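Naming follows writing order (A, B, C, D, E and F), and every chain is counted from residue 1.
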Amino acid sequence: MSEVRIATVRPVAEAEATGQVAEIFADIKQTKGIDFVPNLWRVLATNPPQLDAVWRSLKALMHPEAAGRASQLDASTREIIALAVSATNGCAYCVNSHTAALRKLGLSTEALGEVLAIVALFNTTNALVEGYQIEPDILPPLD
Amino acid sequence: MSEVRIATVRPVAEAEATGQVAEIFADIKQTKGIDFVPNLWRVLATNPPQLDAVWRSLKALMHPEAAGRASQLDASTREIIALAVSATNGCAYCVNSHTAALRKLGLSTEALGEVLAIVALFNTTNALVEGYQIEPDILPPLD
Amino acid sequence: MSEVRIATVRPVAEAEATGQVAEIFADIKQTKGIDFVPNLWRVLATNPPQLDAVWRSLKALMHPEAAGRASQLDASTREIIALAVSATNGCAYCVNSHTAALRKLGLSTEALGEVLAIVALFNTTNALVEGYQIEPDILPPLD
Amino acid sequence: MSEVRIATVRPVAEAEATGQVAEIFADIKQTKGIDFVPNLWRVLATNPPQLDAVWRSLKALMHPEAAGRASQLDASTREIIALAVSATNGCAYCVNSHTAALRKLGLSTEALGEVLAIVALFNTTNALVEGYQIEPDILPPLD
Amino acid sequence: MSEVRIATVRPVAEAEATGQVAEIFADIKQTKGIDFVPNLWRVLATNPPQLDAVWRSLKALMHPEAAGRASQLDASTREIIALAVSATNGCAYCVNSHTAALRKLGLSTEALGEVLAIVALFNTTNALVEGYQIEPDILPPLD
Amino acid sequence: MSEVRIATVRPVAEAEATGQVAEIFADIKQTKGIDFVPNLWRVLATNPPQLDAVWRSLKALMHPEAAGRASQLDASTREIIALAVSATNGCAYCVNSHTAALRKLGLSTEALGEVLAIVALFNTTNALVEGYQIEPDILPPLD
């Protein structure tokens, strides 16, 4: 096989997929409205139970309407959380993927800048809190 | 001084604050609508230029109306980003503070659960992407 | 020198190595059963005391039989720990290196998938614990 | 309610649990062989779909026999991965929980020391690789 | 536009910059004594208030003489902190940039090795402290 | 034993130490000029080879004169690196310990503020670089 190396395992090609993997690949393309299966899912297909579990979670949380559940958050907020986590962890694949999703949802360069400025601000305050070991303010009782 | 240890430096008490620090303390309480100065700001007051810079950034980004600028994001989305970053970094002070802010904005326990479930999901996908070293999908040109 | 840039310092080529560095390079190849010196060690060779300290630690912990000590863990478990840490930290070089070592020890794609699924799961539970600031359960006394 | 604060939400008490939550609480105690529901699960019970999803994943991966699947890894190796991730992320709850699980599986203080020494070693090599920006060695083709 | 992709947004070219952005670009080149605008600043220029805020902070802290303030730290120590943070976070751009700055300040390969050895050592002790959950020693009162 | 829980293992008390552990405990107190053995070392004493390896590294890097080697960095710079790493990782024990060491070396509250402001700044720029996926500037050849 002469496929370009894109991971430490050889990803499953769409044409190779059968059974449950093929069904999930089809569901991913339909749910996301895209015409290819992203590398993440092709790699997870080397471990079908994990492909199933991660796709099930991601579909439920990020595509609630397709999963038949109600969400308290709108689609942009959900993708913004994904970007905030991925930027903080420094995950290139994930930043690229969620930025593309946000663009598709109409996020402007200006609004993207605002999201990342807030991400950056709280990486700063987190570092200050840890650097000075600041204790939490006393919180009111829960009930 | 018998003050309880809440950091590696002795925080500035509200009653001690003078000049620029006192002005910033007053602005923090007014802008946030609270009647005390949180520990973060009392600790940063030991380094007034940093207190000024961090408060200026936080006020501009998190309280844009008070800072006289327009924001593309609503107040809840901004606090959700702060919580997502702080949970990912494991910063106790910051998680407590931003959860309290979201509660004040009316976020339900159910919606908080949804936010944290999404934060958790992308910590999982980030780890999978890094663990398999999955390369980004080819992206379309920017223009 | 027209060598390809592989780090922020110029790595020491095998042919250039003399004295203690040459001895450590030879020990690395023999202990690991490989016929080249990986980039990590060629870069650390720019700081020989650090090369010596890191190799000494790695040999003792990861190649205990060569270092003349007993280990409570088998070779695969030791490499699995290395991969779990490197995936969590997002270190590409280290993930590649330890995945290759696990492959050499016979780890199947399916078992690698199980390892990374567990790594991903605990990145999720860690994020939930931090995101909700869940306190540890009360533990029994140590003795 | 006078319950001690153990999270930013009020955890569900065992006596309060009904329906699916009560069933999962019972399954957790039976599967893990413990007589209380740990805080993590009581907090996740404030968001039942997440409780269900995380418990389902954790049961499948960490208690495969109870979930009716085969595992390529033994129970100690699985818990060692959990500890390695949690130590690297600095998650106190998780370190305590997985250390307790490893103790129950018979891990000695000496073997725990070896696990953590390896975790520490690869946090060092990860930092060196990132600090020098060392590129991966050229890997052989996958097939 | 056929510009090479260097970020998820199209960076502002020097020739395109006008008004405040052009002024900041000029100040960056003059303050740093370089003849090009690094990618970081060209990308932040897509969000001018953030460009202004980050440059203002960086100029004040890293080029205090140009910002008209006194610093308690010398230029090398300041860049060493930047490198230590960036290596710990695994930020390639930042490691490259601050290593280049330290080279310009005259740091030898040997001293760079010492800096990174210390960075690596404390990534190890941090992991051990978290892995064993070691509590802080009792500290003397602050005053 | 009624000792207070300070870790997931029972630390070795000074009075219990014998042989190599007792020698290292004595060397720690003498080298650091303190009259107690900090918790880190008492916990590592449960795994004597690791106690020996970590203390040997730390003594060589942080107390070079006691280890009989020359350092390119002064004592404050070395401790500042330790604090920068520990603040970025959010390690409470380590932040407390290195802040105390810096105080003993005479660092003022103002200079500590400057150190932590720089740590915070580069946690911000790291997040921006990762959030936008900014590629490194082209660097000059190494030789």
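The working rule: a residue touches a chain if its C-beta (ideal position, glycine included) is under 8 Å from a C-beta of that chain, and two chains touch if they have at least 3 such contacts.
Note that the structure is predicted; figures quoted are calculated from it, not measured.
The set of chains in contact with chain C as well as chain D comprises A, B, E, F. Counted by C-beta pairs in contact, the busier of A-E and E-F is E-F. Placing every chain at the mean of its C-alpha atoms, the farthest one from chain D is found to be E.
Distance between chain centres (mean CA atoms), chain A to chain F: 35 Å.
Spacing of chain B relative to chain D, judged by their CA centroids, is 28 angstrom.
Chain F has its Cα centroid 22 Å from the Cα centroid of chain C.
Shown for chain F are the residues in touch with two or more other chains, namely 5, 8-9, 49-50, 53-54, 57, 88-92, 95-96, 99, 110, 114, 116-117, 119-121, 123-126, 128, 130, 132-133, 139. Interface of chain A with chain C (complex): residues 8-9, 46-47, 49-50, 53-54, 85, 89-91. Within the complex formed with chain F, the chain E residues making contact are 5-9, 36, 38-40, 43-44, 50, 54, 57-58, 61-62, 71-73, 76-78, 80-82, 84-86, 88-89, 91-94, 96-97, 100, 108, 110-111, 114-115, 117-119, 121-126, 128-130, 132-137, 139.
Residues 83, 87-92, 95-96, 99, 116, 119-121, 123-128, 130-133 of chain F are the ones touching chain A in the complex.
Chain contact summary for the complex, chain A toward chain E: residues 90, 95-96, 99, 109-110, 112-114, 116-117, 120. Those residues of chain C that touch chain F in the shared complex are 1, 3, 5, 9-10, 49, 53, 56-57, 60, 69, 139, 141-143.
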